[in-house]
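Note that the chains are named A, B, C and D in the order they appear, and that numbering of residues resets to 1 at the start of each chain.
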C-alpha cells in the first residue's frame, strides 16, 4: 500500500512571517520528496529476500526507510502547526506550566533548542511521553531522532530548507517567526485526542 | 520529578536461552545506568538559563537526555518481552500477516534486521504506526533512532552488552535465542491497550 | 591557543555560477560560526576536571568539538576549491582513472553522491587514503563523518546553507554548478604536497 | 582490488590484562567482519550505474562503505597499539605536554573520554591534526566519526565487543587495562613517520 501525500494543511499564502514561496517549496520538494522516496524504498524492501540479503543492504535500506518515514510524519505535523499568531488555551497552558515550571520556561527551552540547531539540521518537538504522562521538548539533529513511545504535538523544522529562502542564515529570526505563527488550536486538538488532556 | 527504575519485569533466572548473569548485568548496568544518568542530566537542564546558554551546551545536553530517555524506555520494553517460548495469539498474528504479507515474512524481516546489526549497536522494534494504523519493523543504530508518533510493542536490543557475556560475537545465535524467548502475551497486551487491535 | 579564521581563499564575486551573497553568507555565518563556536568549546574543555566530569558532559562537549573542528577544516577546503571552470591536470586525471576506472566514472560517482544528499546535510569528499594509497570518494551526512587516516583534497558541501539562497531546493543544479567551478589547480597542489602524486 | 586482512600485529597471548580469547574474537569477528563486508560493498558499488541509481541506495551503500572502511583502519591501529606496559618516549611525551598542558592532563582526558563511552559504542583516538600541527584527543560514537585531515596514532576501541567477554559491563576496568597495555614504541613510530615529530 503506497504512502500518499496529505494536502497542505496550512494556507501557504497566510503563514505569518513566512513567504508562500518558502512554504510551497518546503511542501513540494522536501515533504513530497520524502513521500515519493519512501514509496520506492518500500518497493525495494518488498522485493527483498530477508534471509539471504547482506546485512549492509538491510542496514542501508531500513535506515533510509526510517529517515523518509519520519520526514513524512514530522513534516505533516510541522505544516499543521502553522498559521497566525495565537496562544495555547488554558488547559494546555496549565499542562506546560506543570511540566516545565511555567509557560514562559517551556517557551524559552523550545526556542533555545531550535536556535542551537542553527546552521545544521534537525527538529524540535513538543512531545507527550506516554511512559511518564508528561510533556517533553525533544531535540533531534536528524529525521531519525525521536522520543520512543511518544506523540509529538508541535514540530519546529530546523533543516535549513525551512528558512534559507526567506531568512538566509538568520535561523534565530526564523525561530521567532515560527513562534509567532503557531496555530495552537491544532496542537491542542492533538493533545486532547491522545488522552493527554485528562 | 526524578525518574525511577522499574522492577525487572522478567524472571532473570528463567529467560529461555540466556543466563541470569547476562540479564542481571544488562538490567543493573545498562538500564540502571541510563536511569541514573537521566536524573543527573535533568538536574543540569533544570539549572540552565536557556536564553543565555551556548548552543553547543544545549545540543550536548538535549542529545544526551534523548539517549538516556530512549535507553530507559526501550530497555523496559525489552525486559518485558522476555520469558519462555511462545507464539503471538490469533489477533496479533493476523495483524502481522496483514501488514507484512505473512507471519513468517514478519519474522524473517525482524530477525534479519537484528542480525544485520551484529557487531555494532542498535535496536529492532516492532512498532504500531499511528499515522498509518499498521505494524512496522523499525531499525535503529543507536538509542536516539525511533519511529515518530509510534508505539513500540516489542524490542530486540542489539547493543553488544545484550549478548557478549553469553554469546561472544555470535550475534546471530543471540537473535535466535531472543526469538525463542519472546513472551508474546505482554506484546499483545500493549497492542490491545493502544487501541491497535480494533 | 585560539583557532583563527582563514581569509576567504576564493574571490566571492567570481565563483562561476554562484552569487557573492551566497558565498559571503556561507563564509561568515557557517564557517565563521564554526570557528567562533570551537573557541568557546575549547575554553570549556580547558576548564574541565576530566576525572570528575560526568560522562554525558564529556560526550556532549567532545562531540560538539568534533563537529566544529571538522566544519572549520572542511569549509576551508570547500572555499579553496572554488573558482572558474577547469579540468584536473594530467597526473591527477590519470590517478582518478586508475582508482575509479576512468575520470568520467569518478565524476559520475562524485556527482551522484552529492545529489543523493539533496534536502539534507553532509559532504562529498575526494580523499587520499593513506592505508591503501588511493583516491576514494567519501560520503558524509554530517560534519563528523570522515574517512580515518585520510587527506581530503576536494570538498563539496551539501548542507542546505550551501545552495538554498541561490538555488532553493534545486540541489542538483547546485552540484552541477559546483562541478563547473572547481579550481583544480588547488586540488592538485594538495595532492602533490601529501606525496600522493608519487 | 579487494581489501586484505592484515596479520594481527600484537601477540594475542601476551596483551597485558586482556585474554587471548577476547583479542582473537575481536580480530577475527569484528576486524575480519569489517574487511569481508567492505569487499562485498565494493563489489556492489562497482556494479552501480551512478547516473540512474536512486539516491537512497547510494546513501545506504556509501555510508556502509565508510563504516566498514573506518572499522578496518581503526581496528588495525587498535591492535597495533597493544602489548605490554610502557611509557611514551621523551619526544612524544614532550609533544603531549605541549599540546595538552602536561602528559598527565593528556592521559586524564583520554581515559575520561573512553569511560564516558561505556555501555555504548565508539572510539577514542589520539590524532595528529595536520591543519594545526598538534595532537588532539578525538571522540567518536561510531566508526564514521573521525577528525578530518588527521592521522590517528593511538586508538582505544570502546565498542562493547572490545571488553564484554573479559570485563562484562566494567568498561572502566577495561580502559585502565588498555592504558596499562599500550605499546608506545609503535605510537611513536607512526608519529615520526608522518613528520609530526619535527
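The definition used in the following text is that contacts are C-beta pairs under 8 Å (C-beta built on N, C-alpha and C of every residue); 3 or more make two chains touch, one makes a residue touch a chain.
Worth saying up front: this structure is predicted, and the values here are computed from it rather than measured.
Enquirer: Using the stated contact rule, I'd like to know whether A-C or A-B comes out ahead in C-beta pair count.
Expert: Greater number of contacting C-beta pairs: A-B.
Enquirer: Taking mean CA positions as centres, which chain lies farthest from chain A?
Expert: The chain farthest from chain A, judged by C-alpha centres, is D.
Enquirer: Quick check: how many Å separate the C-alpha centres of chain B and chain C?
Expert: The separation of the two C-alpha centroids amounts to 36 Å.
Enquirer: Taking each chain's centre as the mean of its CA atoms, how far is chain A from chain B in angstrom?
Expert: Computed from C-alpha means, the inter-chain centre distance equals 23 Å.
Enquirer: Between chain A and chain C, tell me the centre distance in angstrom, where each centre is the average of that chain's C-alpha atoms.
Expert: 29
Enquirer: Quick one: which residues in chain A touch 2 or more of the other chains?
Expert: Answer for chain A, listing residues that touch two or more other chains: 55-56, 59, 63, 118, 141.
Enquirer: Enumerate the contact residues on chain C facing chain A in the complex.
Expert: By the definition above, chain C touches chain A via 25, 29-30, 33, 118-121, 141-142, 159-161, 164-165, 168-169.
Enquirer: Using the touch rule from the top, collect the residues of chain B that touch chain C in their complex.
Expert: Those residues of chain B that touch chain C are 37, 40-41, 44, 54-57, 59-61, 63-64, 68.
Enquirer: Mind listing the chain A positions that touch chain B in their complex?
Expert: 3, 50-51, 53, 55-56, 58-59, 62-63, 65-66, 69-70, 72-74, 76-77, 105, 108-109, 111-113, 115-118, 125, 129-132, 136-141, 144-152
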